[in-house]
Structure formats: structure tokens, C-alpha cells
Amino acid sequence: MITENNQAKQTRENAVLENVVIRFVGDSGDGMQLTGTQFSDTSAMFGNDVATFPNYPSEIRAPQGSLYGVSGFQVHIGSVNITSPGDSVDVLVAMNPAALKTNIDALKAGQMCIVDTDEFNKKNFEKAHYDTNPLEDGSLENYKLIQVSMTSLTREALSGMGLDNKAVTRSKNMFALGMVYFIFNRSMDHTIEFFEKKFKSKPELVEANIKVLKAGYYYAETMEIISTTYQIAPAKMRPGTYRIINGNTATAWGLLAAANNSGLELFLGSYPITPATDILHELTKHINFGIKTFQAEDEIAGITSSIGAAFAGSLAITTTSGPGLALKGEAIGLAMMMELPLVIIDVQRGGPSTGLPTKTEQSDLMQALYGRNGESPVIVIAASTPENSFDYAYEACKLALEHMTPVILLTDGYIANGSAPWKIKKTSELPSITPRIAKAGTTYNPYDRDEKTLARVLAIPGTPGMEHRIGGLEKDKKTGNISYAPENHEYMVNIRAEKVKRVQDYIPAIRSEFQEEGDLLVVGWGGTYGSLSAAVSQINNEGYKVGHMHLNHINPLPKNVAETMKKFKKIVVCELNKGQMANVLRMNFPEFQYLQYSKVQGLPFTTFELTERFKQLI
Amino acid sequence: MITENNQAKQTRENAVLENVVIRFVGDSGDGMQLTGTQFSDTSAMFGNDVATFPNYPSEIRAPQGSLYGVSGFQVHIGSVNITSPGDSVDVLVAMNPAALKTNIDALKAGQMCIVDTDEFNKKNFEKAHYDTNPLEDGSLENYKLIQVSMTSLTREALSGMGLDNKAVTRSKNMFALGMVYFIFNRSMDHTIEFFEKKFKSKPELVEANIKVLKAGYYYAETMEIISTTYQIAPAKMRPGTYRIINGNTATAWGLLAAANNSGLELFLGSYPITPATDILHELTKHINFGIKTFQAEDEIAGITSSIGAAFAGSLAITTTSGPGLALKGEAIGLAMMMELPLVIIDVQRGGPSTGLPTKTEQSDLMQALYGRNGESPVIVIAASTPENSFDYAYEACKLALEHMTPVILLTDGYIANGSAPWKIKKTSELPSITPRIAKAGTTYNPYDRDEKTLARVLAIPGTPGMEHRIGGLEKDKKTGNISYAPENHEYMVNIRAEKVKRVQDYIPAIRSEFQEEGDLLVVGWGGTYGSLSAAVSQINNEGYKVGHMHLNHINPLPKNVAETMKKFKKIVVCELNKGQMANVLRMNFPEFQYLQYSKVQGLPFTTFELTERFKQLI
Amino acid sequence: METKYTFKDFQTDQEVRWCPGCDDYVVLRAVQKALPEMGRKKEDFAFISGIGCSSRFPYYVETYGMHTIHGRATAIATGVKLANPNLSVWVATGDGDAMAIGGNHFIHLLRRNINIKIILFNNEIYGLTKGQFSPTSLIGQKTKSSPYGNTQPPFNPGELAIGSSARFFARIGGNVPKEQTDLFIEADKFKGTALIEVLQNCVIFNDGCFTHYTDKEVKDDKQIYLEHGKPMIFGKERNKGLVLKGLKLEVVTVGENGVTEADILIHDAKESDPTLHLMLARLHYPLATGIIRSVEEPTFEEREETLYNKVKETSKYKTVDDLFFAGEIYEVK
Amino acid sequence: METKYTFKDFQTDQEVRWCPGCDDYVVLRAVQKALPEMGRKKEDFAFISGIGCSSRFPYYVETYGMHTIHGRATAIATGVKLANPNLSVWVATGDGDAMAIGGNHFIHLLRRNINIKIILFNNEIYGLTKGQFSPTSLIGQKTKSSPYGNTQPPFNPGELAIGSSARFFARIGGNVPKEQTDLFIEADKFKGTALIEVLQNCVIFNDGCFTHYTDKEVKDDKQIYLEHGKPMIFGKERNKGLVLKGLKLEVVTVGENGVTEADILIHDAKESDPTLHLMLARLHYPLATGIIRSVEEPTFEEREETLYNKVKETSKYKTVDDLFFAGEIYEVK
């Protein structure tokens, strides 16, 4: 939201803003992802808090100019705490008519819309299903329309360099970026360095990109089309070393840190699936750390190879998304029954079935809790921001190894692809991980348990004197041998549940943010943290007394959930599904009444819709 | 429970009983299943109400005489309504020491225990881990012990027939059966006819079996070892034609009836798994009805081939048990998304993982409701007795075809293998089934819906003019084409849920049996009907006011569940799992308090443990 | 049918959404041209696919179709065909869809010999998920999931298929629409499971992986297009041929070293012994295309039909009610 | 190791629970006799199985083991071996476990060539579930799920395996413990995935299905036990042999029609071209047993190891912290 503190400087206005949302949109081939990333990186390095949200088409390469081929990247920067990429947009950069059409509704009235007029031609109007030229038919009169012949200006900037048309088209995004850098008083240095590194061996490309970038910058500076520039001061962030990180990378790195700190080799068995595949890609890059990634023939082989690796003493991981989790159900049951440590990561996407694979949703919660035969509780936790995906990936490993059980970590497409500043953690700063591995020379019973955690001990094959067999049939509580005895079965079902339940003693208490008591408690879980927090923050600013309790630990729930909820008059559970967490709470704390706010559109919540709803409810 | 109305007749006492529980136990090779079946069939034909419970080892052929190789068959017959095979036993027939050892605890004090003394030798004591001869060490003094040299007597009966030792051993079960027939005043005719038919081409086997049967009968009659014989009068049953049927056969036949009445070809895609395989076996026998059974390479191919068949216009079925259901999750989601009719039958067994495959449990309820990605509600129903498995299999088909959705039918190992009298239904007596199939010549939109049910219409490939494509991606509510539009997705998620919800209008209201209001409502679902009904009946006889609400429709629940529950002071949900139905009720009716009684031992409830618990709770 | 269909009759109203330049367009057009030649009604086809770029295929063919879940197209098609044997059932599947996650259903379909046609879009990559190696990717191939080079030796689809008892196997370049159309028509005529491997270029993630075989320039020299009953001759000059030396195929030049056309092997696609077909499927120079194997045997559905007729004839039960009331029944009055 | 193990060292305290007379007992004993010969420590083995009668195997072998879920033994073993390449990893699996539900993992393991040994208990039936036909059951076979006769043509495990790039394939009768022990030792020596198909008699549900090959009376006449480098001779009199006629194997009698031992084919298990191995795998008379194919190539784990060393050498990052702090980082003060 732009709150202008007008401070006329030079001939142009220079407004100071607290935060601003910029969206770059264009054809898939227009390089919008790169443009957005450059802008957010530059802003982060400048000291802003940042959140980003990429949004690309599900087609690999949709036809040029088509509506469904539009690719977008939204950046939210601020001098204040930024928790979400923001709902509505302050500056829209639209590289063609299709991009304009599909994104203009997000732009706030009166705000800046920058277009490449060269692309506004008949052919593209047709593809975008525009009957008239939107730049001329008055439909944009509520916006500050800035018309620039970016393509021609880019061509001009590159003239004489002997580059072909394709290269020109490819770099016009830098013209746009240059303009935006000027508008926001940003330095071009970071992007210049970026190109110098990226195209080290192709100096003509470095030169071309920098030329165009600067051309855009100077064009905006020189021409009288930009009436206001903006200043967003650095945010107050905890001192330290930062980097911008997306959720999938953070997850992968959390796993790397856990492998490092547990002293185990990491083994990832996985089968590619959107939006989880990037975790596999990222880990595979780092086999130099002695980790092993195995792209299996399917999801079942992904998880079962990991089960094998867990038995053999690795930190075993499998990654997937909804449909893949469905396929892994039987094997999760096996790992649960054998009481092996195993981390299953589900980057949730729009369902059911193939659903909306490139969109976000939180509809795998019940599946994570119950998607397998028999009584088979496992630990379920959820990350809630791109950057804390690191922490929860790390914690998932710690809990699996220390409590000897599968752990399901839920993230989602939104935080997996979104990015934010991460205050880098050194591995030495992280809590220790102590895998439960039997030492050679002691006596070994596979189902002997730790008194407190009830976790059993693993004897790694190769350890002399500890040869043993485990399996999926019910086993005797003492010897671990197959047992069909009725009471033994009941005992084992109970103790496996109790083991998971006791993890409550090893997870932090929950707290309600903003208010510890009040009229309404907003309950959320997982990837909606940013949206909910922004909305609750705003509504508190408006004078309401609303708390925000955000769950990262789902099975077991933190011990003090009921206590926390008790202090509010009403509770509303907000989630990107039809009320799955609300039902989990009903099962666990039937004594409360739960209101629900559900959204199932493949999209995150917006602050506007949330605050409106909260006001209705209070 | 034996309530003796002593009525001395002839020299022997002849007591009239209301009901009696007989258990035949012996080695896997001893033919106990046949013996029990003969006894229950004969009793049923005599007019008794009957319930049976077979219990065999999980090994194919366990070593002779071993404890884990004992095979048993329990028969409960009565002149009164019999709902369960009974907990404790009135007459135990134990063919060897291992059988005695593993079953004696079930025999009521003072009741009859018949043993084959020929098998009580040192070798067998060792195998059964008996230190002393139980027939002599006084451990059986609380029972009416009847010692018979069955093996020798059988050998004698067959002497001169030139049969080998194996044949002798194989027919000694008939000696025991003959004795039991005498004790209960039963005619041998049915069994004689049975052998005449079974061994039509091997007259020497017919002769041998009949000889031994009669030898047993006359031995009991002649020797002074049987002091009392019993009379169990015919039960008051609704007039009609009956047969004894087990749950799996009843399920298979319900499907046959549905195929017949829907006018569709039945297609079963399945992969063998205990205890569901017999449904495949049974249907495969009847391909003459134009049905198709397809033993697939795995569970996934089982269900997906059925999905193909559903698309092609068949009544499509897949059968499995817990671990197999886990594997089918992704495909159920697809069928749900494509809105195809499909019946998934899960014969539940002990879990988790491979668990206790030959034992019963009700722990797949949550999996049936939630075991797949995304928001994907399907209809879930459960059969509750061997004989009504016919009705619910039939209803599953009807609902699937008329509401265009997958239907999961839950049964369990207990009712699948148990048997009871079934008043045979003619197909013409059953409700009609009207599949929603588009007629050639009309206009067709794959996602047009019926106003009331919201069910779409199927156009069967081969129908001219209705060519169309469906799939697992979200689809436009009008055209059925792929759609990524946010509001459309939410609309479709809602309408798919609403379609399932509206099935409430097509299922019967629930009622509480025994009492419509009172101190305690016992809530059960699925295969525990018999045990719960017996217990509630008994406790009401003892003067308590307890109702029994048994759910066969789980998603959606009947409309009047809350209304029914409201009339009781307390509610206890009894189930063979850790409280899954209790949680379903908490989600649906959070306004009630639910007590729980769970048992997870691979065994059904006993009347004793239930009534004790109910009394504690009231 | 009165008027003959044209390829337009098999076009749908859906915008085709593959990348510009993708070979999938070629196959689509070839199929749309082949279908009218099959003498079937438009409504008597069913196209079934899994998930992948190529699996979008059914949306673009104006007949019945299903775009299902990853890897299961062959199993779903099995159900369609068994339930409705009158349909001409086609599977469109990628190398990942068919041979990674779908490997099991793929080999079992081939084993059972159900009359289904499989078009295997082999681009040696996972296209839809943006470029990971597949079970046909080469050792050393750099992809998103093998940044340092792939370490998994590939399947040869022809060998795997024939090892699974495939009775019809053909291979064809992705850029030869005319030959593709011919092959699809031949596959339709074949009674049984038919597998057609298309060497499909993915311009985005694996561009040029088949160029050394399929490029116009080299095609005639690097491929041999097999035709049943014809000599195994290839080359721009049509002067190269294959001969058998012991258990190895060798390339010879007609006219050199006394080799005449009569020495060249005659292709017998119908030989039931697969030995030579396997040798051809394995060959790298030249790469064998066309119909390598085509051996008819009873199909699974024919065996089932025979059994049904036999059982029906001898069955005691004419109706389901007969069954219910047969055997051990008794009356309660 | 000081003292050598005996088979007793590999017996567990668990009662063996197969049916009396089941060939599984024979294999168990043969394995227990082979293990001490492999020069490994007892704790360095892992036996992995799925579900089925044969899959109970690990419970009876005194070393590390897992009895897992149906069909996944090969995939789980893959994880065990990749995570811990020092282990000698063995899979015990049935025809259903390996080739029905487990078909996909089975073919992919063979393709990847991971150093795992697979003992395939082929009894052409599902034993544990009490007698349904399996993917190796014969056409016409009557089972619980094919009461009128099976209609699904079977896989030939050898053909399927070699079609999936198997580099080691052996076949052996279920009733010849000594030969089995030898084979298991050879399989252990082989570096790569080794498949040993045991023709295992199920006395309960498919008794005698291999008798015409394996019965003591006929065995020598109906089987040929292949040994690398030796002529392909068989028969009670050891006077029958195999020769190649074109692309067919033919049985000849030494001493008849001028045939001498020199005419008989010499078995070359190490020939990398699988043509002859496939012909042998397909042969019905005589049935080929022994090691049919044994061709070493780099294993998957070796390729991975090589890659790891290469990447490690060139990597910028020595520690995970290096990575975290590399590239686009910035300071907030």
C-alpha cells in the first residue's frame, strides 16, 4: 500500500513509501522471472524486506501472445516487515496485450501501468481477445498509463552490435527493469555484476544486456513520462548475513544441514513431480557433500528405496506432491510399522487428482494424516514461509531420527516457489541431532524402546552381532518376531501412537501473535502464514483485537493449543481447502466452536478478503 | 448361552436350549471348516438361525500338531435371533492337543469338551508345548470331558475298504460330526447328500465318509459317554427360501444382481489379497452371465482397468483390502474427478501395513474417507452382516451408477468369512437401477448435471455424435474442457462435494434399535453389528435402557443422526479401531460428547466385554 | 458410412498447446490423417493417455478420449478395450509415462496381447516436468536431474517390448508424417497389441537427440526402413544392405566385394521367433525403422470370448436368480 | 575372519513355516550353505523380500533382513545397496511379487545394474494367497482365479530380464540343492544385478508343474546345464548337443549323422550380445539351466561413485556452510 509522504526533490516528485508491490508480466519467453528476481535481489541487498511470487503457465512454451502463455513475477518490497507478496499491485509492467488483459485487475486504481506499445498491434489484440486497443479505448483511464516503445528502443540501443532480432526481443525485459530501477531509485550494480558472471564467456551478451538496462534507466530519467520516483528505505531486519531464498531451495538446504549435523549420509529417493521437483534438482547439484540422490522409476520406488536406505543407516528422504503422496501411502505404513526414520516431503498443489498442478492449495492435510491402511499415525509438520522451510526440513529430520518414525513435512507451491530473505544459519548454530543408532558390542533388541520417547534403536547392517529381521507384519513387543497375539497387537498399536504423541514434549509451545486474547483468533497452518499475518496485522492496526495462531506442528499438536484458543471469543480457521484443519481441531478439541474460512482457487488468500471476512465475523 | 429346560426323555436327558455355540478345532488338515459348515448348514435347514466364524492360520500348511497350525470353525445356532457367532463356547471338539490348548479358554465352565484321545501322545504334547497330559493332569476338571479314540474308531469303521492311512485321517472329522449330530438330535441326511454329490465320481469316498459319519453318530448313541442330548427348536424366521451365505459370496452376488438390474455388463478389475480374493473367485466362476473379471498385475491396474471399463459403459468394480486400498488412492481421485461410477470394495483386515492379514479390524475408515490428494469426497458405505453384504454391494452399485461417483464399500474379514442364513432375494424384488447414460441423438455436454442429484451423464464410446474427452485436470463447469480459472475450480470443488452430500436424500433414515431414547446410545458401524446387537439386547434384558444405532452409510451420514443421538444421555462409539468413527462424528456433530470403546486385537467384540463396559458407562 | 472422413473430422476445438516446433504436432497430424483410412466410425475410437506433454494428445482428436493419471494409460486402456472390444483403442504415452511409472502396465499389456495400439512418444526426456532424464535417456546425458550426466543405462524400448512378448513393434522418426500415417494404418490392421515407438524431438529440453538418425541429410544413410517381404536395403543410393554373419548383422554394399542384392536379408516381420527382430531392434547402424515385428496370435479378448462361450454353454445357470436358488437352499414356512 | 562359518551360522531361531515338501526349504538350505563360501562377514549381508510364501525367506537367514510389502523388495534393496554398497544384498521374491505387482521395480533394477542378487522363486502360482494364476502361469492352467483355465500368456522371466538389459541370468531346478549352492556362489562373485530363477515346486497349489523338466528320471534328458566355456551337451548319455542352424538352435546326437563333439556349440555366457542367450532362455527342449548370461559392465553404484569423485574434486564447496554463504549474499547491520 502506497502511503505517499510527498517530498518534492529536483523537478520530479520523490515519494517515500513503506512498501510497494510490483508485478512484471509478459510472454513466457519475455524473461519476466529473471526480471523479477533481479529487482527483488537488488532491493533485498539494498536492505528492504522482500517477498516474491512467481506465476507461470502450465504449458512449457505456450504460443507467443496467447492469454494462457502469460508469465508473471510479483515482488513486494518494504521498509517494514513483509510477510506476503501482497494482493494488489502498485506498479504493473505489462510487456504485451495478453499480459495486460490477464493482470490489469490486480492493479490499484490510480497506479502506474507501464506497457511496451510495440507489442500492441492487431495480431496481439486478437490473441488476447481484445476487440479494441485498450491503450486507446479509455478502459485504462483509471490508471497512470506509461506507454513506451520498448522493443524499438531496445533495438536502437543495440544497433551496430550485429545482434539478431531474437537477441533484441530477449533483452527488452532489461529495458523495463532499467526503467523500474530508476523509478525506485535503485542501483543497477547488482544486475550488471550478475550479467558479468552469467555470461562470462560471452562478452557480447554482457554488453548487450547492460546497454539495454542502462538505456531503460536513462530513458526513464530523461523523458518526461515519469512524474514521480519512489524511495523505500531499508527495513529494520535482524542484523546478519542474508540471502534471498525460495521454499524449495530452503527445504533442500535444511536437509543438507540435517545430514551434516546428524553425521549420516543423506539419501533422497524421488520421482519428479511439480512443484516438488526442484528439491531433487537442488540436492542433486550437491552430491559433492557425499549425499545420494536417486531418481526412481516411480513414487513407490522413490519411497521404498528410501526405506531401504533408512534401514541401511542413511538419513532417508522422499519428496513429492499430492498424487505422489497418494501412491506412497502403503509404503509410509510400512516405514511406520518398522519404525524407521524417514522424511516424506509433500509440496502441495491444487487437487483433487491431477487438479491444478502449477497452483497452490492445502488440501493434502487429511491425506497426510490418514492416507494409509490401519492405525498408522506419523508425525506431520508444515513449513509456513519460504525461509522457514529450512527450519522445518531440518526439524523433520531431527524428529524422524530421534523418534524413529516417518515424518511428513507439508509445504506448498506458494512457499516452494516464492522467495524471501533468509538470515543464513550456520550449521553449528542449529540444534544437535542424535540418531538412535546401536553401538556395536551392546546387546540389541530391535524393539527395545527409550523410556521417554519410546523410540526404538537402529542397528545398521554391517554391525557385528546385531543381525536381525524386521517387517510389515505385527511383531512381538519384546522380540520383534512376528506375532499374531491379540493383546500384543493392541499393545503395539497403542505404543506406536503413544510414541508419536510424546513428540509433544519435544516441540515448542504455540503462541498467538498480535494479541494473546481478544475477540477473534485466526488459526492457520502451513503456507498461509504470510497472508494471514499481513491481514491480522492490518486489522489490529484498525483497532480490532485479533490474534493469529499459526500451526507448524500438526501431529502431534503443541500441548497448549486449547489453552491458547480459550482466550478468544471466537475462532476462525482459515485454510486453502474445505476445512481440513478445522476438522482436525474438532477431533482434538471438540469443546470449541470453529468458524471456517476456506478458499480453493489455486491462489493464496488476499489481505482484503481476509480482513473483510474477519470484520464480518467479529 | 445355554439355558437348560431340562426335559428328561428316554434314559438320557434331553435338554431344550435356545441357542448353543459349538467350536470345531483341529489341524489345518483335519477338515474343521468342512465339519463346521456341515453342522451349520444342517442346523439352518432344520430351521435354526445360524452364525458362523471360521478362523484359520495364516500359514498355508503349518506343520501338523503345531500351535499356530490350528484351524477352527465356530457355529452359533438358535431358536432365537442369532446375530453373532457368540463369544464363549458350549461344546468344544478338539482333534489334538494343540487345538485343545489354544481353544480351551473359550469353553464355558462345566461344558462339553470332546477330544480324540488317539492324538494325545507325547509327540503332540511337545508340539503343543504341554508338559503333562492335559487329559490326566486335572487341568480340565471344570469341563465335561468326553474322551474318544476317534482315529482308531475311524480306522475300524473303514477296515476292509482298503483305504490308506491318509484317507482314514482325512475322514475322522466325520466321526466327530456324527457324534455332534447325535448330541444335538440332528439328521445326517444333508451331509450324506452332500458327499453323494461331492464325490459323485468316487463312490468309495462317498461310502467311506458316510460310514464314518454314521459310526460317530451310533457310537455317541450307544456308548454311555453322552449324558445329555440337546434340542434347539427352529427359530422364528421370516418365511421364505433361505441359504447359508458368507459375506464375500453375498457381496459378489449383490454385484451380480446389480449388473443384472442395471442392464450393464459387470467388469471387475482386481488383484488378489486376503481376505478379499474370494469375491474375485466367486465372480470368475460366473462369467457365463456375461460378466468380465480381470486379474490385473497389481492393485493400481485393478482399479484403473475398472476406470477404463466405467468410461466404456460397464458396471465397474474393484475389490481389495487395506494395503491395496492405499495403492488405489490416486486412481480413486481420478474417478472422482472424472465423475465416473465405480465401486471399490475394501474387505478390511488387521493393520497397519501388512499387519494381521487374516484377522479382522475396522481401521480403514479414515483411509476410505481421506486417502487421496485434494478435496475428493466419495460415497462411503459399510455392510454389517454376512447377508446384508448382498444389499450393500447392490446399493453401492446403484449409488455409483445413479450419482456418477466412486463408492467405497467397506466390509471386513469377520463378516466376509462368517456366514448366516440369507433369505434369498429375487432380482425382481430389488430396487431398480437407472444408470445415467446419454441417449444417442440428444445434445451432450459431459458436465451437464441433473438438477436434483447433480450427477452428470455418461456418453458411452461408440455413441455417435457424443465424442468427448475427460481427464484429471480441473475442468470448466460448462464445457468440461481444461480450466485453470480460480472461481471455476472452487465451484467445481464445491459441486462435487455437494453431489455426494445430496445422496442423503437417497438413503434411508437411521434408527436406534431396542430403545429410541434412554441412558446410553451404542453407536457402531459395519461388521460389528452382530456383536453390538447381541450385547445391547442382553443389557436391555437386564433392565437397562440402551439403544443401538448402527451406521451403514458413512459419507454422507443419514440426515437424522443428530436427532437420533439427541435422545440419549450418553453416547458410546464402539469400533475395532482407535476411534475413527468417533472422530467422524466429532467432525460432523461437534455438539455431542462421544465416549469410545475401541478394540484392536484382530478379533470381534465379545458380548461380555461390551456389556461390562456399558454398565460402567451408564 | 456415406462420405469419407478427412483429417479435419478428427480435429477438436481445443487449441493445441505444445511448444512451437515440437514433433508432437507431426504425430497428431499423422494420426488425424490415418484415422479416416481405417474404415471405422468416428465414435468407435478411444484415445487414452497418461500425463506428460505427449499425453495431452486425446484433447486434440475428435473422438472419445481420456487424459488420465501418470503411467496408467495402458491399464486404463485395457479396461476400455475389455469392456468394449468393438472400440479401436489407442494409447498416447511418453517414455516416462510408459516406461518409468507406467512400466508395469506396459509390459503386462504387451504380454497379454490385447488389441490396443500404443504410440510411444520417445523423446528421451521428461518434457512436462521440464527436463529430467527418463528411462531412455543416455548415459552421460545432462538434464535438470542429472546436472553432471546421467548414470542410469537406458532401456531399448524395442528390446523391452519384445522381451515382454510384444507381437507388433515398429519404430519411426518424429519428422516423417507420411510414414507415420502409413504405420498407424498398418498397426490398426494388426490384431493384437501394437507398439509404435516415435523418435520424437523435444525442441526445448532435448533438442536434436535423434538428429543423427532423423535429419533429412543423413536419414537415408543412417536408417533402414523395413518392409515385410522386401530386402533389407538402405542408403541414399539404396546400395547398402544387411546380411547375417553368424549371429551378427552386418552392413554390406551391393556391388562391392561381390555382394549382390540376392545376398541381402529379406525382412520377415511375421516370423514368430523374435531372434532376428531383436537383433534389428538393437541395431545402431543403421537404425531399424518401420515394422520390425508383426506376428498375430489370439488376443486376450478372443481367448476370453472363447472361454465365455464355452462356459455359457455348459453353465447350469441361465439367470442370476437360478444361481441364487441353486444348491443348498431351504424353506422357512 | 578366523573360523569359517557353516550353514548353521546362518540359521535363525524362527520355526520355518512353509508347507512340508515345499521347494523353498531346498533353496533356504542351499543359501545357508552358499553364504559361508562367500568370504564375507555374517553381518555384511542383507536379505530383502516382499510378500509371498517365498518372501518369508529373510526370517530364516541369520543376518540382516527385511520382510517388506508386496512387490517392492527390488526397490527397497536398491535403497539398501545404494546407501551401503559394502553390503551383499539379496532379494528373495516370488513370481507374483517380482513380476506382477513388482514388475516395474524388477525391470528397472535389471536396467540399472546395481550389484544385487535376486532369487526368483518361480512356482507359476500365487502361493500365499492360496492359489491364483501368476504372470508365469500357463495358458489353460486352472487355478482359483481361473477355474476354467488361464487366458493370459505368461512371461518368460529370462526373456523379460534380458529384454530389460539383465547382465546375469541363471535358471535352476528347485530340487537340486548342490547346483543351487554353486549358482548362488557364482552370482555373488558376479559384479552387477544377478537374477537366478528357481523352478520352485509348490506342493499345494501347483504341484508338479516342473516335473517334466526336473524329475530325477527325466532331468538329464530334458535339461541342459550350461557352463561357460563348455560345449552345450546334455542327456543321460551326454551324447546330445546343441548346434546352430541359421537362427535356430537344434538338438543333435553326437555320433549320429556324422556329428562330432566339435560341432557342438560352446557356451559363452560372457558374450555381451544377448542373441544366443535369449535363444537359450527361450528353449523348451532342452530347458536351459545354469548360468545363461554373465556379462560384467560398470554397476550403477560404480558410475555414481565415479561421478561423485569427479564432482567433489571440482566443487567450490567443501562444507554445507560454504554453500549457504556463497553467491548472492548481503549483510544487514
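Letters A, B, C and D mark the chains as written, and numbering starts fresh at 1 in each.
Convention: a contact is a pair of C-beta atoms (placed from the backbone, for glycine too) under 8 Å apart; a residue touches a chain by one contact, two chains touch by 3 or more.
Just so it is clear, the model here is predicted, and its values are computed rather than measured.
For the pair subunit A and subunit D, chains touching both partners: B, C. When the C-beta contacts at B-D and at B-C are tallied, the pair with the greater total is B-C.
Spacing of subunit A relative to subunit B, judged by their CA centroids, is 48 angstrom. For the pair subunit C and subunit D, the distance between mean C-alpha positions equals 30 Å.
Taking each chain's centre as the mean of its C-alpha atoms, subunit B lies 40 Å from subunit D. Centre-to-centre separation between subunit B and subunit C, using Cα means, comes to 45 Å. For subunit B, the set of residues that touch two or more other chains comprises 68, 287, 297-298, 323, 330, 334, 338, 353-354, 471-473. Along subunit C, residues 51, 69, 101, 103-104, 108, 135, 148, 152, 304, 307, 311 each make contact with two or more other chains. Considering their complex, residues 41, 44-45, 47, 190, 234, 237-244, 253, 256-257, 259-260, 265, 267, 269, 286-290, 292, 294, 296-298, 300-301, 304-314, 316, 330-331, 334, 338, 423-428, 459-473, 481-482 of subunit B touch subunit C. Against subunit B, in their complex, subunit D makes its touches with residues 15, 17-20, 51, 53, 69-71, 100-101, 103, 126-130, 132-133, 135, 144-148, 152, 204. Looking at the complex, you find that subunit B touches subunit D at residues 59-63, 66, 68, 271-274, 277, 280-281, 284-285, 287, 293, 295, 297-299, 323, 353-354.
Across the complex, subunit B is touched by residues 58, 68, 321-323, 325-327, 329-330, 333-334, 336-338, 350-359, 361, 363-364, 366-367, 369-376, 471-474, 484, 486-487, 489-490, 493-494, 497, 577-578, 583, 586-587, 590, 593-594, 599-603 of subunit A. Per the touch definition, subunit D reaches subunit A in the complex via residues 12, 14, 41-48, 51, 58-59, 62-69, 72, 75-84, 86-87, 104-105, 108, 304, 307-308, 311-312, 315, 317, 319-321, 323-325, 327-333.
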